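Next come the structures, one after another.
Each of the next two complexes has subunit A plus one other chain: subunit B in the first, subunit C in the second.
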Partner chain A sequence: MAPTCAIFPRWRRLRRFRPFPIRVAAALLAALILPACHAGSAPPIFPPGAQVLQLASLDDVPTLDPAAGYDVDSWMFEQMLFDTLIRYSDAGVDLVPDLATAWTAAPDSAVFTFHLRRDARFTNGRLVTSADFKFAIERVLDPKTRSKGMEYYRGIAGAADFAAGRAKSVAGIETPDPWTIVFRLNAPDPIFPHKLAMPFAAAVPREVVARYGEDFSRHVVGSGPFMLRQWIGGQRIVLVRNPGYFVKGAPRLDGVIEAIGVSEDLQWFRFEAGAIDLSAIPPAVFPYVVKTPRLNALTMRIVTMTTRYLGMNCRMPPFTDVRVRRALNYAVNKRKLVAVINGRGIPANGVLPPSLPGYDPTLPGYPYDPARARTLLAQAGYAHGFAATLWMPADQTMMILGQSVQQDLALVGVNLRLKPVAFAPFLEAIRQPQTVPLFFSGWEADFPDPANFLEVLLSRAQWGANNDSWFYDPRFDTLLAEAAPIANPARRYAIYREAQRIAVANAPWVFLYFPVTWEIRQPWMHGLVLNPMRPARLDRVWLSAHPPAK
Partner chain B sequence: MRANRNPTMKFRLNFMEAAGAAMVLGLAIAAVFAPALAPHDPVRAVAATFGDPAPPSLAFPLGTDQLGRDVLSRIIYGARISLAVGVAAMALTLAIGVTIGLAAGFLGGAVDSLLMRFTDVMLTMPALLLAMALVTVLQPGVLTVLLVIGLVSWTQVARVVRAEALAVSRRDFVVAARALGAAPARLILRHVAPNVMPIIVVMAALGTSGTLLLDAGLSFLTLGVPPPTPSWGRMIEESTAYFRTAPWLAIFPGLAILYAVMGFNLLGHGYLRRRGRRASTL
Partner chain C sequence: MLAYVIRRVFFGLVVLAGASVITFTIAYVAPADPAVAVAGAKADPQTLATIRRQLGLDQPLYIQYARYADRALHGDLGRSYIRREAVTDLILSRFPATAMLAISAIVLSLILGVAAGTLAAAYRGRALDNWLLVAALALLSMPVFWLGTLLLIAGGLYLRWFPLGGFDGSLSLVLPTLTLALGAAAYYSRILHASLADALDQDYVRTALGKGRSRRAAILRHAMPNAILPLVTIAGLDFAGLLSGVVLTETVFNWPGLGRLAFEAVFNLDLPLIMGTVLFSAALVVAANLIVDLLYAWLDPRIDLGGGQE
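Up next, the complex of A and B:
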């Protein structure tokens, strides 16, 4: 999705830079002020006894417009309000029908045909047809929309002409009848269906978009399990059940209320009071939750499709020497790092996380071996070590992790200076050549394919963009190009495994760990399933009888 | 120099002073002899308590933290930073504050107005906020921290010294010296400054506890001396994640800060009491 500073990525949110003391101060202040504000809130939207899920979040949802949203918060709501042709299963990353009933791919993976169900309606009453999907993707491709999803659909035949204004519509998207849509691509792309599972490609009603224009985000009309009822910026967002949703018996909830402006620490207090049904677990209470059996039983965890690494700039000495890069891999104690974050991770053996199709469990990675690290450093001419600066997003947990690495590297003679930087300038800095020698970084998958890691993070084409370690290996790039058009999973993944082995042998990163996300729910909340890659879906969630909030 | 009214009292400390002096001495000993006193290396992991801090035990009397470091050793080494930053920042504070205060109080007139209005402007800015801004701009490090603390905390000293200098410079012996033709520099250094000295001593003692707290505050906001150097404020900051499961991680460095601040405060207040004044008259 984006490089992330999240150490514990949540199903809800990317954790952004927020120095701890300020969070505490904000929480205390809010704790003093909020009870007063909330006495006698808005008139009830739901009748007594309605099944309403209570959530809380610090930041407002950036947008509800599927063409615009490209973050965890927006996607969580968009997937409740809209439907794509296909989507991921609740717990996995396998594609299942959403509004499409069936789909076929041509043998060369350059033509995809989808058949739609005929009973899905937008909440304004109109039937959803193939033209709505065509319109949605054209809207994303239209430069005027300034959609961040544009790049995913450029491979459709005629997309370039349409984007340049040379064509009225995208020639490669055909709608022979209201229930059939055909995509023709310029080149074979076996992972194209995954791009249609992104909310960018969700069906939107043309007439509503035409009526509200840029304001569509505030007046969204979709075909999903919920409808937008109220969105008071910075205060709360309320969704109600869509009675006409095409899946019978879903959703089970009558509505969802998310209170906005609630810091993570305050969320925890509200959770303990029974006022919210689901919460992230702030670091300040995580050890307490794990050690308290009553609370531990309410936690849910999932290995996300995320990787965390210590990037080394392959074009900045001494990291130009592969022996130095390997030495650092042997010198950093990954098990210790995972222990330091209370076990919320799995030590990494390479680039690809275990939940990703194509993961290579036979890859040995780099075990903790400081003696070997010293030997390698001596061979590279650094028998007495060297000094380096480790850049990191300024964050309490990052500083602890940084000190852990600092401890480890001191044992092999490498003296680290820790340089905490705010997240935005940090991202800017790692994209500059010859600027950042050593840094903490991470990546969350957009779609479950090795290309989304190997190509995005380590190919030559991504220098100055996402290839933050400035790694380049011609054979690695050749293998990526070779694998890209192959649809057969076994053959495709075999090539990617080979490529990953090259990357690991060249050690552009210290491969740190794959994070595990933890959530805690109330005992009366049922049916929640965490997904390794997407925000959890709420259409099968239900609530049993429970006491009112304290 | 004015003679002591009762020469026999010269070396008799009252209880507060004695207690304060003993505490500060203890702090100084911990700081100077840290390598000998600390049972372990304060930076390295000495126990495998990663992510799961261990409570106080025989082997580690104050427990170990989430990176397996010995809390006792870190507190002992932390005294170095606290004392060094506290005292050095105080010296800088005094250098700036006394110079401005003496100049304003003795010279009076336009110089006084100018210097004191500048002081007032500086006073309007909260010291911690100003310090945070300065540290963020400058490179983090011991030197930065003490420089910044010195730069933001001299205003109180300047005001008190000015008031004292103003009073002293109107006294007969100063007027007499001036009548004898003494140059302003000589008047300030030989006649005014020595008589302002007692108040400066008190300001130094009380102010050091202030700079210690400011240092701890900056460290708590992760703007202090960068890791791995142990500092009390950062120890507390790093232990916030464990305040429910391992409160000792925050309590012991907190007590260390309390101890240091109390030592300097007792020293200052005791000295004031012996001279028959209260801090509120400063």
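Up next, the complex of A and C:
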């Protein structure tokens, strides 16, 4: 007779029917796991020998809708899927034709006329016409779209009426025929063509947008070198070659697969295994890569059109005193700061990065001089220093940089308390007056013009928006207004250089460094060119024969 | 029993409503503007004002909540501000990967934890017990991102037995499962060890042994049913936590689960997605609690669920 368990009769029952729960558990497991296995199905199979570029990135692509995307990940794919009238050259920031064959600007830079090529088609087969560009920009201006690009096209005549619902279309965009589009602006804007090179202004087919509405991002139809084949959120995005792309012989790749959600470390492991063709270089392996000739030969680097700075609130004591602001500029050792990030930067001498047209190489900036910093602080009445809080986005690199600055400033008697904050509240806080005395920030160019830095970040009009240091200098603002309508680059840049000198002398920021991007490619990947301002284009990339991934 | 379940489901709904109110309030009183999250850091005040109006963010908080609750009751958790996709679709697209990892991790951790805990209790005070204690402490002390990276380097890069992260096929499940399960198994083994050791000192086990039952039978058939109850509670709640996503493990292994989705939502202040993932996680915790309670009553007849039986 089997022993019994008098205390737990149900346990006995459980034992008696043991096979049942096991079967149930197995069925449940299968029910849950099998669909999951399906969800993680392999990417579309390309034919043997196909040239498929394998990439990986940490961040998911937020959107593929050109009206919505405003980040590097979205733009990288949008420029593969869509075409603008004009775009930047592969390696530089000069404008070259995309779907436009030619364009002209009126002498006053208030009217721009573009002529389109007639052989470009969307991947649904329809010809791309001027109406598609007009529709794209009207869509961006439509408040219902909630586009981040709205502000760039407000200067078009009639844009305000359209956005306010007082007009059915933007009067300042004319399409006299399917191959011509004319933009009339409210005021001269010599840099307007640059705004048309942003992916916001890419042609989209009205009928597809109408069909999918807000889901257009998942069903994109463009005219670019690639087409969307598969996009599984958090997993991968797969593009295939557009056989009808108007540039003969491009793209050279048959497809692009990007694995999503791959950390920098994991990217490196996959790169070492030959599973991806291009990778970021994690800080931990950077010295090894640089010192290993075989790997160093495969690296690519470019000075980006970005600036990193330590903003000081010019309306909050003690930063109301220009001597204090200059003192901090002398006190921070920018070379050490760059060394902390593996040398992936250039010490800043001012606002404008060296890759930007209009850069002033003669600007001396603020060399590291703690003695001079102490003198300036003493003159300002802070001989014994002061305490301040440095706000920064909560990020590992920022913390390391913050500690470096903290050490430098301690040497001149300024005691910093580091305050890491999530990015969204950080942005909100620095936009409030009298709230954040000192903060880490940065700016990436939208288009290659000094106005995109000086006007956006330091003009009086940007108080409460992007002028987070609450800087104001009447002469500086006057120079910006003077330069804005001038189309002649030499004259324009000369005025902006003068404005920059005023800004640097007033030191609303500690000018820190200009970041340098490093990538490493596999020896079999060819034709990739890094761009200082936009994600690299892949339409001329090709792969030579290479061993399969390990 | 049925009355108990209905009562618990009702209270579960109350908990969900409470969770939604709290999350909504926290998200909206947080010192960050969702319009900036939508429009980007470079947006001007005019654009921000337009977007606030578009999203109804210029309305009083209670109206915003009422609208949200009304939509949620109709199964619409809104659209992500950043991705512009339906929140429900986003969550459901990530849930299979999360569920797969959670189930495999909890199953493996229970198998390993129960085995180790039982062995440790059976060999109490002997060398095996000490070794298992050391192993459990070592595993408990390892951060998952470190353990995960080690496993990835060893199993993926050098041995090449497993894929280097990703969500392709059953082999890709092994390393993240091990990463999650080893630490949990260590914890479970210590809990089971303690409760089993306590049960083994009870009179009914001594009685069983006195009546001639083998030590193995006394442990497995007499002590274990009693000792395993605390583990059921803890594992049940852990399972709910796993189903809600595990950010670090997902990041290390490029696993497309709910954890990273929720993390990205918080990072981007994507309010509809934050609300959706919190509500979904809360629902999972409520459901797990209910299941654990029912399981508890099933395993231990001394617990009365209000039905009055036995």
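Heads up, the rule we're going with is that the second predicted complex is superposed on the first by the 507 of 550 C-alpha atoms of A that agree within 3 Å, B and C clash if a C-alpha of one lies under 4 Å from a C-alpha of the other, contacts with A are read in each partner's own complex, and residues count from 1 in each chain.
Note that in this section a residue touches a chain if its C-beta (ideal position, glycine included) is under 8 Å from a C-beta of that chain, and two chains touch if they have at least 3 such contacts.
Note that this is a predicted model, so its numbers are computed, not measured.
Looking at the superposition, the partner that touches the larger set of subunit A residues, subunit B or subunit C, turns out to be C. Looking at the shared chain after the overlay, A:108 reaches neither subunit B nor subunit C.
Once chain A of one complex is fitted onto chain A of the other, the partner contacts of A:207 are absent, as it touches neither subunit B nor subunit C. Looking at the shared chain after the overlay, A:177 reaches neither subunit B nor subunit C. In the superposed model, A:148 makes contact with subunit C only, not with subunit B. Taken together, the two complexes place no residue of subunit A in contact with both subunit B and subunit C. Against subunit A, the residues of subunit C that register as touching in their complex are 30-33, 36-47, 50-51, 53-55, 79, 82-85, 90, 93-94, 96-97, 99-100, 103-104, 107, 149, 152-153, 156-157, 160, 164-170, 172, 204, 208, 211, 213, 217, 221-222, 225-226, 250-257, 260-261, 264, 266-269, 298-301. Residues 43-45, 50-52, 66-67, 220-222, 226-228, 237-238, 240-246 of subunit B are the ones touching subunit A in the complex.
Those residues of subunit A that touch subunit B in the shared complex are 19-21, 24, 283-288, 291, 336, 339-343, 394, 396-397, 399-400, 402-404, 406-407, 410-411, 417-418, 420.
Those residues of subunit A whose C-beta lies close enough to touch subunit C in the complex are 3, 5, 7-11, 14-15, 29, 32-33, 35-37, 39-42, 56, 59-60, 62-63, 65, 68, 70-71, 143-144, 146, 148, 150-151, 163, 214-215, 217-218, 232-235, 259-263, 265-266, 269-270, 272-273, 275, 422-425, 427-429, 446, 456, 462, 464-466, 550.
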